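In the two assemblies presented below, subunit A is common to both, partnered first by subunit B and then by subunit C.
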Partner chain A sequence: MLYDLFLVLPMAIVVIGAIVLMLLRFSPWLSVINRNFITIVILGISLCIDVLHYAAAPDTFVFVDIFGHGFVVDTFATLFDMMFLGGAMLTLLINNEYFKSRNYFDGDFFALLLFGVFGMMILAHANELISAFVALEIASLSIYVLVGYNTANPKSPEAMMKYIVLGSLMGALFMLGVALVYGETGSTIIGDIYQHIASHPHTNHTLIAVGGLLMIVTILFKIGAVPFHAWVIDVYHGAPLPVAMVMASTFKIALFAITLRIYLIDFEPVYAVWSQSLQIITALTLIGGSFLALIQDNIKRMLAGSSIVHAGYMMIALCSIGAGDKLAASAIMFYLISYFLSSVGAFGILSFLTAKEHKHLTFEDFRGFGFRHPYLAVMMTIFMLSLAGFPSTIGFMGKFYIFVSAIESGHVYIALLGVFVAFVSIFYYFRLIAMMYFNKDEGKEQEFAFDTSTTLIFLMALLTVTGGIGMGLIPYLPSADGFMDIAREAIGSLVR
Partner chain B sequence: MPEYYLALAALLFCIGLVGAVSRRNLFVIYMSIELMLNAINLMLATFARAQNDHGGTVMALLLIAVIASEAAVFLSMIITLFRTNRTIDADFFTNLSQEQNP
Partner chain C sequence: MNMILTLIIFIPILGALLGSLVRASIPLLRLLAIVTSLFVLGLSWILAWYFDPHAGMQFVHIAPWIQNYGITYYVGVDALSLVLLLMITLIMPLLYLYMWREKRHGYWYNMMALQTGVLGAVLSLDLILFYLFWETMLLPVFIMIGRYGNTDNQYNAMRIVVMTIFGSMAMLFSMLYMGYLFFQSHGFWSFSYNDIASLSLDPRTSIVVAAGFLLAFAIKIPLPLFHTWMAPAYGSSPTPAVVILSSIMAKLGIYGIWRFGFGLFESTLEYYVTPLIVFALIGVIFYAIHAIMEPNLRRMFAYSSGSHLSLILLGLMLENVYTWNGSLYLVATHALASAGILIMIGMIYRRVRSITIDDLGGIAQVAPRFAFFFSFFALSIAGLPGTGGFVAELLIIIGAFKYSMIVGVFAALTMIAAITFVFWMLQRTLFGAPSTVTAGFQDLGRIDLLILTPLALLLLLTGLAPSLFTQLFEPALLEMLQAIGRYR
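Entry: the complex of A and B
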């Protein structure tokens, strides 16, 4: 019992911290920066305990007499926990300047963010569909409110409206899928459903196939795959920048955590039913996302469009899992980290720049940027190269593993389409680089401002490059191959 | 006779889906989504009764809690939108459309 408490301690710390921050809402002696610092400390303590857990490699259900087999602590979930906590910490640190420059960030913002992270952690640990749904709703509801946080700007509540109407509609579809699966199997625990399918090999499993399809529709909506992409660009545009960063990185990682858990264990026998539709959606996502990113003039909207394309790359690997490829699941995890580093870095530069002036940055605003801010421009170039998948950056390694897994599982056409889309993406990423360097501007060169945000951005640029060249050169740090081994081990803990 | 209850649940779900897709008033959209979730509640209760397993009823209870928390967020959003724009017609909100942000 006591050991169980120790195992759930990271989540407990996060949720207690959220409640404490909520109670300190009206305390006059806490500035925004102090609150940001407290939030980071809470996440940091939780991360340290998670590292301890990871070293002990637990694989057990916790509080069996209360939750049954609904709540699991294993290497897979602990690794994902570490990714959420580290991601949220980096996002908060990078936005330090942005929090200072806006007056609408109060105590509730950080409490809601912590509740969102708590929901994502539960999502990674959920071994039961109802718990997964409740966790998904905890995370989503926090994100809905955070999107509409800047009530002074009419765009922000409008983005929230677009997100919550479609999001709760899709939540209902997820629940319908759960109800249908429950109707056939009489259980919502993921292992039990697998047992049921395995012990009835000669039935059709229509309800499970339909229910699984409804659940994956919800997840595809949340990651922004193309027939369900209508909200992505608007919501990213209207949301405050820190929230857009959380949605693009941490929340997406959480969604892939539950996707991998459900579809690696559960629905293996009914893959054939929907693997075709998943491939079509992948192709649509790659093409449609590129088109949407091509036509944007606003950098924030362009990054939102490109996030659809990156979701498409990860879905290539999801198709390969259906075809039984061993590399695919760990390729997704590696790609999530590489995408996290480069997109949060790029968003971080945007947030650092908009902290000074109150407007949305367009391509035109970057004219001559390379002469005004030479160091920031170099970092932006690194992030753009990594997003485009240029060799010697971590983005290249991520795409490499994805395409290898697709070719190994026989989806050559999808891999070819992915390579083609990567070529198209060079247009909109290099447009920014060309804008920064090939246009002379009258502006004077400005000093490199040393503070929390720029230091963190520099660190992430460094990680992006070392991840691509090979972290194996540095002792005691896992290289790209090393991380693939870690991910494979975690996936191994999942498939019992 | 679980079939009748399941048919009723399917009917309610379809009414909710059509309402959520076709109506423009945010309140009506919200009520349609509630109708869909409550249809699922009915479905869960029916399955629980048919299989003689109490899990389904517990799920229905949990789902009611989720519906309530969603209601809180949704209604506060409607109030915020109405305060600034004096309307809750979903077609009115076009600040983020592609035409206005090329």
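Entry: the complex of A and C
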């Protein structure tokens, strides 16, 4: 019992911290920066305990007498926890300057963010569909509110409305899917569903297939796959930058956590049912996302559009899992890391810039950026190259693993399409690089401002490059090889 | 000794990194660039001295890189890459000398990064490593054209990047697929050149996979139909970038076909030989006609370079011992000659701010030394006897006649066409009465002479004593021809 408590301590700390921050909502002693600092400390403590857990490699159900087999602590979930916590910490640290520059970040913001992270952590640990639904809703509701946080900007509540209406509908679909699955199997616990399917090989599992499809549709909606993508660009555009960062990185990682768990264990016997439709959706996502990203003039919207494309790349590996290549899941995890590093870096530079001047950054605003901010421009270039999958950055390694997994599982045409889309993406990423360097600017070169934001952005740029070169030249820095091993181990703990 | 290649590849970019870390001033940056390039030049000569022409791949250095997929850091040098290595390391210091008065920091950094990119591409023997260098060398070119070029440079920079990356993406896909096939047959991953070369593919797969590689190289060379980026990019590049495009990067396309086309797909290439010969013959004539009509000097030599690269490709595809020797020899000598002429065109631009032929004229009267060197390089491009280009072109044409009468006649047309546009161009730029633009044309200074003399001397030496150089690579080429069963 006590050990169980220790195992759930990271989540407990986060949710208690959230409640405390919420109670301190009107405290006159706490400025935004203090609240930010407290949030980071809470996340940091939680992360430390998670590292301890990860080292001990636990693999148990906790509070079996209360939750049954609904709540699991294993290497897979712990690794994802670490990714959420680290991601949220990085996001908050990078946005330190941004929080100072805006007046709408009050106490609730940080409490909500912690609730969101809590939901994501539960999502990674949930071994039961209803818990997964509840966790997904905790995370989503926090994000909905966060998206509409800047009430002064009419775009922001509009984005929230768009997101919340569609999102709740999709949540209902998920619930319906769970009900259908329960209707056939009589259980919502992931392992039991698997057992049921495996022990009835001669029925055609219509309810499970339909129910599973509804659940997958929900997840596809949340990651922004193409027939369900209509909200993505407007929501990213309307959301405050820190929230857009969380959505693009941490929240997306969380969604893949639950996807992998359900998909890898639960529905293994009925992959064949969805395999075709998933491939078609993947192709649509890749193509549609590219079109959306190509036509944008605003950097934030371009990054939102490209986030659809990146979801598409990860779905390529999801298709490979469907074709039986379970290690492709580690390709997704690697890709998540690489995408996290480069997109949070890129968003971080945007937030650093908009902290100084209140405007929406378009491509035109980057004219001559390479001269005003030479160092930031180099980092932005690195992030753009990584997003484009240019070799010698971590983005290339991520794409390499994804494409190899697709070829390995026989989806040569999807891999070909992925390569082609990567080629198209060169255009919109290089457009920004061209804007930064090709035009002489009258503005004077500005000093490189050393603060938490820029230091962290620099670190992430460094990681992007070392992860791509992956030499392991510098000990203790994650290289491509090392992280891939970790990801494989985590997937191995899931698939037994 | 096995670190020497690694040093050659990475010293330039380390110089650039060092410069950026200390925020070097221009004189320091200039010093860094010249010292690193001279050091690399010295290393490559040491390499050539110890190089054994009969020994295949040498100075090999293998280190694990990404072990999950068997990707290694694998570099080595054989006769083929040695020729390109010597050529690149020789041209780079001269380009830095040309850039002596350059005041823009980015220029120097990009050139140093570019040197690492091209050297790495020539020396790497792991497919993924090759792809890394092949792609990264594009980035400095992109920035240099877009940032420091002229006339529509931003559009043209985007165009060269998008078109060449299209090719490299096709190549990447082929590489991944071959890596997977290797995994399928051997049970472990490897992307190293030797392993992939040992793979026996069924003809259908192999044709498709080879197409990916050939597309990348065809765009880089470029063959006609894939050439639309070439003249605009050359026209709007700054001089150092255009020298690298014409003398080095275009040659890397040839190198790629030689190394990967013949190395990995020796039997499959049979299917591509006839179409490629046709492409090359069309290229020879098509580019030559374009060159004759072109009023802009830089674009003229872009087309002339296209014409000669088509000839080199023709020699490569005819697969006999004369043409292979000729092609490799032409790779080196044409690089020297075109570096010379393009640098001199850059000098014209510096002096009179124009490189349109109609604006020029009568330079010989005001600047005799300039006229001498200019006509020397132009004529050596046209294949003046006594320069290396003549020997090489002669070898290719002899080989072409051996292959078939018609091909021979077409190949010989390059020389005639080249002579046509070179002489006409010389007549209009150098002779006649000086125009208003060229009236105060300054003759070559000391630094200019320092740049051009080595190139000219080397061109003469290659022309007068070809056996001095051919012995470096002839045995290896014979061996390669035997390996693909083409030694007659």
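A few points about this structure:
Operating definition for what follows: the second predicted complex is superposed on the first by the 491 of 496 C-alpha atoms of A that agree within 3 Å, B and C clash if a C-alpha of one lies under 4 Å from a C-alpha of the other, contacts with A are read in each partner's own complex, and residues count from 1 in each chain.
To be clear about the criterion, contacts are C-beta pairs under 8 Å (C-beta built on N, C-alpha and C of every residue); 3 or more make two chains touch, one makes a residue touch a chain.
Since the structure is predicted, the reported quantities are computational estimates derived from the model, not experimental observations.
Once the two complexes are overlaid through subunit A, subunit B and subunit C fit side by side, free of any clash as defined at the top of the document. For the superposed model, the angle subtended at the Cα centre of subunit A by subunit B and subunit C works out to 140 degrees in steps of 10.
In the superposition on chain A, contact of A:Ala179 is made with subunit B only, not with subunit C.
In the superposition on chain A, A:Leu416 makes contact with subunit C only, while subunit B stays out of contact range. When the two complexes are overlaid on their common chain A, residue A:Gly44 makes contact with neither subunit B nor subunit C.
Once chain A of one complex is fitted onto chain A of the other, the partner contacts of A:Val404 are limited to subunit C, with no touch recorded for subunit B.
With the two structures overlaid on their shared chain A, subunit B and subunit C come no closer than 21 Å at the level of C-alpha atoms. Note: no residue of subunit A belongs to the subunit B contact set and to the subunit C contact set alike, using the contact criterion stated above.
In the complex of the two chains, the subunit C residues touching subunit A come out as 65-69, 73, 106, 128, 131-132, 135-136, 139, 142-143, 146-147, 153-154, 157-158, 161-162, 165-166, 169-170, 172-173, 176-177, 179-180, 183.
Remark: subunit A residues 385, 390-392, 396-397, 400-401, 403-404, 407-408, 412, 415-416, 419-420, 422-423, 426-427, 430-431, 433-434, 437-438, 470-471, 480-481, 484-485 touch subunit C in the complex. Of all the residues in subunit B, the ones that touch subunit A in their complex are 13, 16, 20, 26, 29, 33, 36-37, 40, 43-44, 47, 51, 53, 55-56, 59, 62-63, 66, 69-70, 73-74, 77, 80-81, 84-85, 90, 93, 95-98, 101-102. Here subunit A touches subunit B in the complex through residues 130, 133-134, 137, 141, 144-145, 148, 151, 154-155, 157-162, 164-165, 168-169, 171-172, 175-176, 178-179, 182-183, 186-188, 233-234, 237-238, 295, 297-298, 301, going by the rule given at the top.
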